[in-house]
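What follows is a set of structures for review.
You will see subunit A twice below: alongside subunit B first, and alongside subunit C after that.
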Partner chain A sequence: MNFVVRRFSFYFIAIMVAITFNFVIPRLMPGDPVDALFAAAQGRMPLETLQAYKEMLGFVDGPMWVQYLKYIKSIFTWDLGPTIMLYPLPVTELLAVKVPWTVGLAGMSTVISIFIGLIIGTYASYHRGGFVDRFMPGFWAFVGAMPQPVTALFIFFILALSWKWFPLSYGANPDLDPGLTWEYVSSVLHHAVLPISCMILGGIGAWIFNMRNAMINVLGEDYITMAKAKGLSHGRIMTHYAARNALLPVVTAVSMQIGFVMAGAIFIETVFNYPGVGLLLFKALGSRDYPTMQACFLLIVVFVLVANFIADLLYLWLDPRLRT
Partner chain B sequence: MLSHPVIKFLRRFYRGNTAAILGSLIVVTVIIMSVSASLIAENEPNKRVARGHQPPSAELWLGSTRSGKDVFSQVLHGGKISLLVAFGAAVITTVIAVVVGVSAGYFGGRVDEILMSITNIVLVFPQLPLLIILAAFLGQVGPLIIALIIGLSSWAWGARVIRSQTMTIRNKEFILAAEVMGESKWRIIFVEILPNLISIVVGGAMGTCIYALMAEAGLEFLGLGDPTIITWGTMLFWAQSNAAFIVGAWWDMVVPGAAIAIFGGGLALLNMSIDQISNPKLKTGSYIKTWRRMKAEVEAQRLQP
Partner chain C sequence: MKKLSLALAISTLSTGMVATAHAEGKHAQGGVLTVPIITQAFVEDFNPYSGAQGDMVGGTMFEPLWAVNALKGEINWRLASRFTYDADLMGLTINLKDGLTWSDGEVLDAEDVVFSLNLGKDDAKLDATGQWGSGKFASAEATDSLTVYIKFTDRDGTIDWHLPRLHVVPEHIWKDVEDISTYKNGNPVGSGPITEVTQVKDNQIQICRNPNYYKADEGLPYLDCIKFRQYTDNSQIQAALINDEIDWGSNFIADIEKTYVAPNPENHGFWYPANDLINVYLNTREAPFSDINFRKAFSMALDRPMIVDLAAYGYPTPETHVTGIGEFFKSHFNDEVNAKYDYLAEYNPNKAMDLLGESGYVDVDGDGFLENPDGTEINFDIHVVNGWTDWVQTVQMVSEYLAEIGIRANTKTVDWSVYDAALKEGAYQASINWSKTNAEDPIQAYQDYFHTSRQGMSWHTNHGVSSPEVDALIDEYLATSNAERRKAILAELMAFTAESLAFVPLFSNPTWYQYNATRIGGWPTAENAFVQPVFYESSRKLITFEQLYAK
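The block that comes next holds the complex of A and B.
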């Protein structure tokens, strides 16, 4: 129980730091972002909205700490003001539409890359010096070093644009009504194949490395020799004895990996015009829509923290010593 | 001369290690080519030398961009800045990671607690989105600022790794001996602990180099960099905004992308080999096969009556 409480207070501090960051950044910048905003909206924005923005970014009258408290209140009441690019649509409504797509994309691709990565890593380390062990790490080191937007564009160009195997844009066929019909679901899946594959290409290498390295350390332990001496089958030693213990250090690396996943989502959603939070962030950059940008950032931080929390639960399940 | 310890070490490091040889060759070649860009490339990177989007030919080895500039010359000159950003960010990150990691690991107690809670919070922040927001508020940022913000935001993982390694080392006998002999804390840190961390620190620095290269390319690809300065990232940005793939000018996009992938891949291969110095168990290579054959022979002999 202690473990969960400690982690929760950590997450709370982390989210407060993110909010503070969002609060401080507009104040450190040269000039007033609200004036820049007003200029960017090119007269489409009435004066009272400008005032609302000032409040949203915390530029209310009064001392700094009052501004700060008001800003925190606006975050926790989920009242982030209107967007600029699609004025006067509220930021929160816009985000709510985008969240499921990104969660699906990032979640699915992470689960698949962990699954495949762990299998390859386990296999490679258990069969040291074999084909998989000698060529997979080098190969994936190279694939992992390719800039994600370029790989994504390349795949997009060949499979979607030239060969027309996959759709060019959107998360589903826009002519279909969203719903749990076979038509709609299959359209969503068809649209998701390429973005998810690109995310997997970018992320799987790290899991293979982490798992292989962790496995190699575990395989030297006495209990593995013991299991072999008992005459257990290789499959059982590999999964129940070695892999299970090797998973612990791999799970700790999640906090770093998940940040990369979210970064990848920004590029890949942009390339495939996939309607998620990443594409929204990109579009907000283009139209200097600071409120939307900040909301996207906050949301991405929340995604990462939730993923970390899931990793914590996994850790708790894997390591019985923490369950006291 | 040949028995100098450094040479001995290098010989041992490279022998039979294809990944390390290949990685070093790639990294050194790319660095030399970028540094001597103005000697190798005939054309100025910013000069219009041909019509737009000419395919690779005998005169223009890698074709021309939309605005008729020599892609070959651009990729060499752009490499200079991209590599500087990557190395600069790696130096900043490494210095912070070493200072935080070693202090936390060596001093322990309250220092460790405070430093590690800061590190854990920085670690949990998604770095690239953070960079994007910072860059967006700063307006278009030049390579120097990009190197600074990458360097200042990506030290947390390294600090954690270095801390745990420092903690293992500080409990070894030779550190206790040095403490009993009354050596100063600074001498223990710099003379006794740091040399034992070298492979981890160098490995971490290379990892950051790869990351910084990609982060820079990513930021500039999204249009947050200064598009007038030629780097691999801004080349990607221009290629993308001119829809290079769609009009069939694949070289415009593939060349800078491949440059990043080749250099990053070379660093990654080298990094793998450096990991193997700090943890020899991780080695891959043909000698494992030799070892397995010998083991099989021994077992076959044992089974014979």
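The block that comes next holds the complex of A and C.
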């Protein structure tokens, strides 16, 4: 229990630091949202409207610390104010539309790449020096080393734009009504194929290496030799004796990986016009939409920390030594 | 059985409608136009006064009183049939068309117009015409059900330029709305050709035919619906255009002949008529720009057609005059003034170098670049906004051309806020910017260039050239309706602009416009130039939309 409390207070402090940075960093960037709005319109907006807009969006709101206190209050009441890009739409409503897409995208791709990565890593390490071991890690490291936006643009250009096998944008065909119909669900899947594939391509190499390295350590342990001596099948030794114990460090890697997956989602969603949080964050940055930006960062921070917390708890379950 | 008979009834009904429409209009009714809008997500917001989706409802859902078609130099009458200024220019009478209705069947009359006008009186955010804010309007009232009278605070002959920006909204609904600037208007009642919202999703909105449209007897609108699709940037729109997913683009597309037109030359087309003029503004308070001969040499050093071809893909129109207005206002060009000063816009590096030599600019230290007559170094920055790539390339080419005549100039990319402040405060050396040369009348450009009241507010005024005489000329123009006098004043201002050369004109920006004639016909083109095809301006969008029909 002591362990849980310690970890929990650590995460609370981490969140407080993160949300403070979240407040400060956007405000260190030059320019404010109204300026950005003007810049985006290349100034074709009557000057007289400027002041009215500033007042409407609350940019004459007094000193920094007042803004900070307001901000802290808004986070704990989950009342994040109106967006600037789509004034007067509340940020929470906008996020509610976007979050499911990103969670689906990031979740699916993480699960799939972990699954494939672990299998390849386990197999490769168990059969060290074999074809899979010599070829796969190198190949996937090569694919993963290509910048994700480049991979994504490449795939977009060939499969979506030139061959028209996959749609150019959106999460589903806009002409269809959302619902649990075969037509809609298949459209969602069809739209998700390319973005998810891109994220898998970028992530899989890391899992292979993680798993392979952990496995090689474990395979040197005495109990593996023991199991072999008992005459157990290779499949059983590989999965039940080696892989199971090698998973422990991989769980830590999963929680760390969530942050990278979110960063990847920004590029991928932008390329495929996928209606998720990553694309929203990217556009909010461009238009200096502080409320939306802060909400996105907040969401990502909370997401990563919660994932870490869950990993800690999972550890507790996986590794009995921590329970004392 | 019941279902079947119902379906039959509907199908006979609809064929009947199409048949009658066919008899009345030039084209059959039907079809859906798909257009892109750049935004993060669509929301159920159909308030023309809200910033969220003004482009979706302006013009096509809320018609203007009239639309100014600058390309044809004419007025397209919409809700109003005419306007008349008082003889002393202290007021304006607007006559509405008879028999106008809202899409819910209620009568649209002068009270609605007055209600909409008065919204801006108390709330600056709703001041669509900007005339309450500038103190021009004294009052607005309905003298009878079809007549509106606006009283001014001062003589003014220009109010009719601003009134098309007014969104006329139904008083019988909007009078009960508490906060209009945040009102969503989820169930809109409008006056334009398309008012009925049939689908709202975060990436698509469809709005269809107004059942009570006042032009229905002319068979208008030909199209049944507009489908608005959400995109987050240009590159996605480019892909969607190429794949025939959308019909009307208003975006920059790289290498358009090859990427868009070539795959389907019959139906894919574009037309980039001249828009506003792009100038390099020079701060004439500082050396070397304080010397008019230096400014002249600057202008003559530039090969404008080459800059347009290399830096901007050949899409803009090179400027051949130095009088302050571009091709957009070619109907206002003055041949006499142009003949006298056009040499300043011609590429003539030898003449530029001679002029510099005569004025005492010599290369004292032998580094290949000229020094000021007093021996100090010439080395200045030309500001351009970070990331506006075509302008950055343009400025780089300008610097290269200047280097050819021995002037050292640097391209300085800055963030918008720095650029914005420097232009307004006159804290730049040289800076590239647009101009107000695509509004209703050329005088607005000169007002923006020179009128001292604009200093600190406009990007184009703080170059250090102004004079009380010019202020007086501009004021006189605005307060007269005498066409002859106006023409004479414009000629004087053009000559003043060319003589002072406080900015060096480069080219007219293109109007970004692509069309896809696979499904839709009636597009404006260079051959069928009935309007400048701007989607992001409600009047011109409406004029364009009215001519479109399904093939």
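Assume the second predicted complex is superposed on the first by the 272 of 324 C-alpha atoms of A that agree within 3 Å, B and C clash if a C-alpha of one lies under 4 Å from a C-alpha of the other, contacts with A are read in each partner's own complex, and residues count from 1 in each chain.
Here is the rule we use: a residue touches a chain if its C-beta (ideal position, glycine included) is under 8 Å from a C-beta of that chain, and two chains touch if they have at least 3 such contacts.
A quick note: this is a predicted structure, and the numbers were derived from the prediction, not measured.
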Touched partner set for A:S169, first subunit B, second subunit C, both or neither: second
Partner chain(s) touched by A:M85 [first = subunit B, second = subunit C, both, neither]: second
Which of subunit B and subunit C A:K283 touches, first, second, both or neither: second
Which of subunit B and subunit C A:G220 touches, first, second, both or neither: first
Subunit B versus subunit C as contact partner of A:I266, first or second or both or neither: first
First (subunit B), second (subunit C), both or neither touched by A:P100: neither
Which superposed partner A:P275 touches (first subunit B, second subunit C, both, neither): second
Partner chain(s) touched by A:L161 [first = subunit B, second = subunit C, both, neither]: both
Residues of subunit A that lie at the interface with subunit B and also at the interface with subunit C: 161, 270
Residues of subunit B that touch subunit A when the two form their complex: 19, 117, 120-121, 123-130, 132-134, 136-138, 157, 210, 214, 217-218, 221-224, 236, 240, 245-246, 250, 253-254, 256-257, 260-261, 263-265, 267-269, 271-272, 275, 279, 281-282, 284-286, 288-289, 291-292
Residue ranges of subunit A in contact with subunit B within the complex: 10, 13-14, 17-18, 21-22, 25-26, 28-29, 33, 128-129, 133-134, 137-138, 141-142, 144-151, 153-154, 156-157, 161, 212-213, 216-217, 220, 255-256, 258-260, 262-263, 266-267, 270, 281-282, 285-286, 288, 290, 293-294, 296-297, 300-301, 304-305, 308
Contacting residues of subunit C [partner subunit A, same complex]: 39-41, 43, 45, 50-52, 124-125, 127, 130, 133-134, 181-182, 201-204, 229, 231-233, 236, 239-240, 242-243, 245, 385, 415-418, 420, 434, 457-459
Contacting residues of subunit A [partner subunit C, same complex]: 30-32, 35-36, 38-39, 42-43, 46-49, 51-53, 56, 83, 85-89, 94, 97-98, 160-161, 164, 168-171, 174-175, 178, 270, 273, 275, 279-280, 283-284
